[in-house]
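Look at the two complexes coming up: chain A is in both, with chain B in one and chain C in the other.
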Partner chain A sequence: MAYFLELLVNGALTGLMYSLVALGIVLIYKSSGVPNLAQGAMVMLGAYAVWLMASWDVPIYLAVVLGAILMFAFGLLAERLLLRKMVGQPIIMIVMLTLGLEIFLRGFAPGFLGAAPKQIDLGLGLAPIILGDVFINRAYLVGGVIALLLIAASLLFFRTHIGTKLRAVSDDHVSSWSVGISVERAIGISWGLAGLTAVAAGVLWGSVQGVDWTLSALLFPAVAVVILGGLDSILGVFLAGLIVGILGSVVPGYLDQLAGGGTRDVVTSLIILLTIMFRPHGMFGREDIERV
Partner chain B sequence: MFYRLSGIHHTRYESASQLWPIPADRWQVYALLALALAAPLLVSDLYLTSYLLPWLIMTSAALSLTLLMGIAGQLHFGFAAVMAIGAYTSIHLVRFGLPFELALLGAGLMAALIGGVFGAAALRVKGLYLVMATLAMQYLVDWIIVNVPAISGGAQATLQTPRTTFLFLPLHKDEVRYYVALLWVVLVTLLILNIKRTSFGRALVAVRDKDFAAAVIGINIVRYKLMAFFTSSFLGGVTGAVLAYCFYQAVTPEQFSFNVSIQIVAMVLVGGLGSVLGAYLGAAFVLLVPIVLTNAVAYLAGLGLLSASTNLLAHIPLMVYGGLIIGFLLFEPLGLAKIYDNLRKYFLVWPFRHARS
Partner chain C sequence: MKRTLKKAAMTAALAVLVGAAPVQAQKEPIKFGLLQDFTAVYTFVTSGYNQGQRDYLTLVNEMGGIDGHPIEVTVVDTGNQPQRGIEAYNRVRRDGAILVDFLSTPVANAMVNRVLEDEVVMLTVMHGRGDASDGETFPFVFPLMAHYWSQAALLVEYIDLYEGGIEGKKIAHVHIDSPFGREPIPVLQELAKQKGFTLRTFPYASPGNEQSATWTEVRRFRPDHVFIWGAGGGQAVSVREAIRNGISPDKILSVVWLAESDMHNVGADIAKGVKRFEATVTGTDTPILQEIMEKVVKAGKSAGDAKEVGNTYYNIGVASMAITVEGARLALKEFGAPLTGDKLRRGIEMIKDFDAQGLIPPVSYSSKDHQGGGFGRVSQWNGKSWEPVSDWHNAYQDLVWEKIRQEAAEFKKGR
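Let's look at the complex of A and B:
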């Protein structure tokens, strides 16, 4: 029972940290309809940026803030230079463009900054927190709490002035233009915000598993989270993150010895497949109605 | 000028609808084929087996995928998994005692059957969701291959291809492997070229452009989508088997990982969606440019003009390859085939400037 509880709690916390990666994908998809498959690499880039500044003896929290500013700028640039030229192109082109960016960054950051895993020390300490018989990873706990805060913040953000504009843009580009909202700027801001969440996710995951290219592999669980939750729902990201995290921790916890390992990827793949077969728009996503 | 059109009057439907109606194009194809046949005499064994051979095989893979992605418009991000099914099936069939020719057929059929299951997702969703579904299936197939010892021969295992013959020729000789790959790529090329001008191909194009509209004009979209997946997976499966026997000669699951799927999609896109010539050019580009650039940087670093660490050199292929995808999508979305087409149109009327096309 304690084993199950431990898997459950730690799974839920990792799940919240997956949500943090997935949040960036949702922010961009919501405003522009672009599925950002480069989010994994952006998380990695954010982590590398913070590590680089920390290695120049910048205090870690200042480094995080500076990294966030840098990645916000990176998001704006990526939108301006790459995605804006792709408006109106078929979806395969846009998917491949973001995937190309992912591959490029996967070579770029480790190539120039070193491929060996690096440490980000947030000063949390390594000792697990013990509640009854349950061991909770301290980094996961902090990560989960920060993820929760950021998800709540982004829900609140959509109530602000800019957030309202973003919601209008996500609803319909042409009508937003006609009431004087700059759609380009709104999409740019959503890319910048995705950059911000990428830094948060990068620092938290980097402090757990070290900073190297494997951070970009977080894309896969994050994709499962957005598919399950619905590509344009922030609430969906939160719930789906919990589900993906818990299933991805409990099932391998029992089946890995039997099946010879790697069942976490199988669970993630099955979540994607089953969601797409039975409810393609996810739990809370908006259903597309197609017309000839 | 080079493609002289004057004096070419097709007076019969057969001559107008042949594969290359312009003689200049036809002679180019014959010349290339002659060069390809003579290649073992012209180039050294190293070039033959480490450049030409993978290029031809990856071209067949890109051609199989372009049938699905370019002509039928169904996105597929798990094509390496289909090839893996073909490769493993062929090896196990030959070990079981079947002749290699039949094993190739079996590999194709097995891949087509399982690939048809991939197609089931296409009946339900399209676009982005189809990408995700095929991506998930890639992971599932990979996992099954790695974790079922009967298929992979145990985790981390390498499965040697058994010694066998193709049409009584020993398959472990370099020239025979090259000619098998060449034969296969020629067959696939002719098949795709012909599919494009039959009712099957036109139905697929209609499904690609708008499947509901295609249904309205009487095309059974369920049937054609499944047929597209079946045909393409069959070709992919045989290509996987050819890749295993003629190039690697020993298979591991990593040779068919997700990255390989992306690589094949990149070949199709860089070459030009739906273009046969594009598959050849795209495969060459994606395979060769990273090698050439890494060598160039290493050479410059060796001269002392540039300082590059081994770490940077190791990551240049990834950067180049991501950069290529981005660059082509931004600046020439129709790919290398379009660049060739522009050149050809220019020379079609050279020295004049306006083409009637």
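Let's look at the complex of A and C:
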């Protein structure tokens, strides 16, 4: 029982940390309708930015704040220089553009800043929190709490004045323009916010595994989270993160020994496949009906 | 005076090594292709390894080349993709390269048949096929150093000799879920039978950034020792998770892919005690590294960051080229110029008891053995650097070679 509980708790916390990566994808999709496949690389870039400043002896928490500002600016810039030029283009081309950005960043950051894994020390230590026979990973606990806070903040943000404008933009670009909302600015802000969440995810994951290109591989579980939760649902990100994390922990915990390994990726892939087949808009995503 | 004499002695030793006085090389160049993965999976090792290779070759050229022949190097990024590796290979082959090093198992494996046909030497240092140690089946493929089967065997023997015996103990093999991670399992299983220890394997999903479920299971197994078999960032995660789950760092033993940067990632002090297989000396105290510091790094000719010089992967790169250059020197002496892939192969096979002035254990090659005996040692992280805790030796090579021959025979059947 303790074994199951430990898998469950650590899986849930890991899932919340996946949610943090997925949140950036949802924020952009919610305002612009673009599934951003560069979010994994943005997470990596955010971690590199914080590591770089920490390596210049900037105190780590100040480095995180500066990294967040930089990545917000990066998000704005990405929208201004790349996305805005794609207005009117087929969505598939915009998706390909984000894929291109992902590949570019994955080569660029390690190429210029060094490919060997780098350290981000948040001072959390390695000692687990021990409850009975259950060891809870301290880093994941902190990550999970921060993910929860950011998810809650995102939910609240969409109730603010700017958030309402973003929702309007996500509903209909033309109508938003017609009532004087700057669609470009709204989309830019959503990219900036995705940059902020990328820093949070990058720093937390980077403190667990080190900073290198493999941070961009977090895109895969994050995609599973957004597909299951719904591409435009922040609440979906939270619940789907928990499900993906728990299944990705509990199932391999019991089946890896029998199957000889590899079941976590199978679980994640199955989540993606089954959701697309049986509920394409995910658990909480908006189902748009279009005349074709 | 003492220092000058020491410097002069080192210069002379290196001049003997490359077979030339320190004069400008003028003869026909010898061409090598370092077609490696700088941007995908092997990024954790490529920059240091490649820098070590190029710095050593720069040193050789500074010293007059190999018997007056300068070495020309082409460096290409393959991104770990076989098709890009093939393209790059075709290009350097057309330009006359007689040696290639892909530092990527997928690319190297895809190129085996091609290099055998073209008679181009392919280095597979710490990657590629384990059975390529069989020189009779793979005459142009050279692992040069202990492959994974030899490394696993040596770690088992280390526990047996230095950690109070292995009989009755529980060993957890925690590995990345890939052919590389699974590769040592058959050898470990056979050794478990022979030596009477319990082996259990624990895979984790690639690239290894999340391993918590795996280590919960490992903790419940209550192992006496843990082997970690991964690479890059996944290795730091393994060490962290092991410590977090109450496993003492000195009970953790790693495959060769565990470097200084991984220890700093974990926390240099926290990781104190972790052990690993080591193929070369680390640091800059050996004569070749001193020469590199003096003639390449200080002269501003290093191919990368000076901080990398002497690190684990840098030194493996230096060693790979030191062995190759020694083979080329022997080949030129025995068979004369121009050097071809076939002559270089035979030159490397002539190397006997070569230790690159203390950088590596004494290695010998032959037409049968392209691994060089499977030597290595165990070193331990002391909070600042790796300290050797065993002598250079090899282990259970009869068992390792049984496996090599068995796999090589399968390859022959498939050709």
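We adopt the following convention: the second predicted complex is superposed on the first by the 292 of 292 C-alpha atoms of A that agree within 3 Å, B and C clash if a C-alpha of one lies under 4 Å from a C-alpha of the other, contacts with A are read in each partner's own complex, and residues count from 1 in each chain.
What we mean here is this: a residue touches a chain if its C-beta (ideal position, glycine included) is under 8 Å from a C-beta of that chain, and two chains touch if they have at least 3 such contacts.
If you're wondering where the values come from, they're calculated on a predicted model, not measured in any experiment.
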| item | value |
| --- | --- |
| Partner chain in contact with A:197 - chain B first, chain C second, else both or neither | neither |
| Touched partner set for A:227, first chain B, second chain C, both or neither | first |
| Partner chain(s) touched by A:11 [first = chain B, second = chain C, both, neither] | second |
| Touched partner set for A:19, first chain B, second chain C, both or neither | neither |
| Partner chain in contact with A:252 - chain B first, chain C second, else both or neither | second |
| First (chain B), second (chain C), both or neither touched by A:176 | neither |
| Partner chain(s) touched by A:106 [first = chain B, second = chain C, both, neither] | both |
| First (chain B), second (chain C), both or neither touched by A:96 | first |
| Contacts of A:277 with chain B and chain C, given as first, second, both or neither | first |
| Residues of chain A that lie at the interface with chain B and also at the interface with chain C | 106-107, 110-111, 114-115, 260-262, 265 |
| Partner chain A, residues of chain C touching it in the complex | 38-40, 43-44, 46-48, 177, 182, 201-210, 212-214, 216-217, 219-220, 232-234, 236-237, 240, 243-246, 259, 261-262, 264-265, 267, 270, 305 |
| Contact set on chain B toward chain A in their complex | 69, 75, 121, 124-125, 127-129, 131-133, 135-137, 139-140, 143, 146-147, 155, 210, 212-213, 216, 262, 265-266, 269, 273, 311-312, 314-326, 329-330, 333 |
| Residues of chain A touching chain C in the complex | 3, 6-7, 10-11, 14, 106-107, 110-111, 114-119, 121, 126-128, 135, 137-138, 140, 205, 208-210, 212-215, 217-218, 248-250, 252-253, 256-257, 260-262, 264-265 |
| Footprint of chain B on chain A - complex, ascending | 35, 82, 85-86, 89, 91-93, 95-97, 99-108, 110-112, 114-115, 220, 223, 227, 231, 259-262, 265-266, 268-270, 272-273, 276-277, 280, 290, 292 |
